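Chain nomenclature is as follows: A, B, C, D and E, assigned in order of appearance, with residue numbering initiated at 1 for each chain independently.
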């Protein structure tokens, strides 16, 4: 048996038992849709292969896509809104980096020091995830190639609760586009 | 099975087993009425939809309403008293924020740095919760539309203990109203 | 079932299963008598009602009374000795505080910053507990109105071990009386 | 029964039950191959006997060998690439140190202070592991004297998942060779 | 049932179930012999009665005695070597301290600030344990009055593993004697 530790949408520390190892990602998807997260965002953000970006299942990390009133596609994670930004490949003498897609937001005064990354000038930002290089992992994709309602290993009441999930409370700050 | 980790009113670290996912909020209400909390207050405070403010169930986060001898309605959380404060909507060129209700208190010298927020001048404060935007969540409301004595998933001894709950030990400091 | 996490007298992290919620305080008393503690001392010390001070059961927080060779009644907690000090009520225009009893010690160079409180001059101290205001809680009292040998929910071997409990290793530093 | 706590390749906190003490290293190998780690890298890096270096089983600490496009053998751990470096024995009047093999990388701005070690000039680096002195431990070696596909105490689905393990997402920065 | 949390010799976080309270110290001895530790060394070091020093069972805290090539008796804990040092009693007007035996080492640049203690001049050191005052506790002694091979509550395979325990990888730095 496995046990996965979450921080719920209410900030509570809750551990969930998982019968079999191969149910783990489904359990993460299930609770991730409720906004529950497990572990902290790694410094510099989660790293995924670039080919996983188009249909990445954001519920795996407790995040979700959200279209702002202005029609912009954002990713909401723990009440913060992250913008999508494409990074071109770098091929200089000092550094060789393939193209990437990054989801980031402007840093807030309450963000801890180790999450803030310097940009040009005084500007600081926080990265949720970066998709770069690597080889596509099917298990990171939205199951069924779309955003299905089913696919959860959980019983009906849970899904009902998922349906009742709050609309974004988070007010999307007008951030400097970066 | 799920397991929720609390800090009790005596500061002990106690984990409680929860049979079914749909009992989780009831367990949080039950122990929250004893002043037990799970997880830390998020930086900047808990975020809830504005429409949940009038009948928000404070036991969900281990807090409760308390009327001071002066007749002021306060929220008590972990021995601290928080005042209610209405924030008007902001609609400037730089920022767009809907109206909100905030529960906050003046910062104390022993509060950790990341919880202190700057106000005008030298004044610093700590936010417990902010109600802003979003869509009302029924599950955050006091069950039954009022503050009922029952509704707990727990047996009688527990309720008895809840009844024996201490009157506020906390002495409400005379804080600058903010 | 509940599970309570302790730091033993040897500094080990040990979790104890508790069958029923109403056995929790007895389990805390039992292991507290061995010097085990659960959770950290809150910043500013534990807060209890003033009326609980005369017969407070210090085993609830892993502490105990100890009479020094000079006949002074001290409270020993995690190898530190705390002195009892009565605080008079404050009733000024700026602050209104009822009378209190405080157990505190002089700060040591190895105490973490957030536990040190400033006194007059350069002197710093650390508070274990403050008894002030509130309404007496029977459950915080020594069971039976005295310091009984029995009353534990545990079997005999455990009591034997409790009996073998070390005399205070802690050397009571000559502290500035405060 | 034992329980081992991991941080998964997705950064989730997952505990795995282990029936018998003698299965623990196999479980660490199994999940280590998926990039899961348990505990933090000790300050100054893991310490192993020098004679374990040639066939050390990197899966024990959630790492693995990887040959870069340039043909260099690196060790990948949590998305970072570490270079192998041989240290000669030191035998001066001030210090006596046997020969060693060290796996280290240049420090990044987001590395926490306590992991950064000073080298010549302004250069800082982070050590994953150091092999020095001691007596070879068979239990640290790749089982079977090679890098076998089987040897796991786990059922087939798990191995299948291991096979699907991502190619290194990590882009190997052009680091100063040290 | 109890559960004790260890950091293994490989740095992994492993919890071990303990059937009965009176088996706890045996379990600590058993895993301590493998170099596993539970909890952190307290600030200022573990405190034990002076009369426990001659036959103290160092496996209780995951340490062990080791005779250096120079014939010096050291205590090895988590790869660090600690020297034995006798402290005379202090009986001045400002301080009254009975005689003690201390196990300490010079501080290293990677030691966290709160563990470093100031000595004369610029010299800093770290204390593992101090034996002073108090009353001898039989349960802290090596079982059988000597350093027995058996005495473990564990089955044979575990003992075999203990036998295979690594010789000290740690290179004993030439420290300033203090």
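The rule we apply is simple: a contact is a pair of C-beta atoms (placed from the backbone, for glycine too) under 8 Å apart; a residue touches a chain by one contact, two chains touch by 3 or more.
Note that the structure is predicted; figures quoted are calculated from it, not measured.
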Any chain that touches chain C and chain A: B
Contact-graph distance - origin chain A, target chain D: 1
Length of the line joining the C-alpha centres of chain A and chain B, rounded to whole Å: 27
Whole-Å gap between the CA centroids of chain B and chain D: 44
For chain A, residues contacting two or more additional chains: 3, 15
Order of the ring members, counted from chain B so that chain C is second: B, C, E, D, A
Touching residues (chain side chain C, partner chain E) in the complex: 3, 7-8, 10-17, 78-79, 108-112, 154, 157-158, 161, 164, 166-171, 173-174
Contact set on chain B toward chain A in their complex: 1-5, 15, 18, 20-22, 24, 28, 38-44, 46-49, 60-61, 94-98, 114, 117-118, 132-135, 137-139
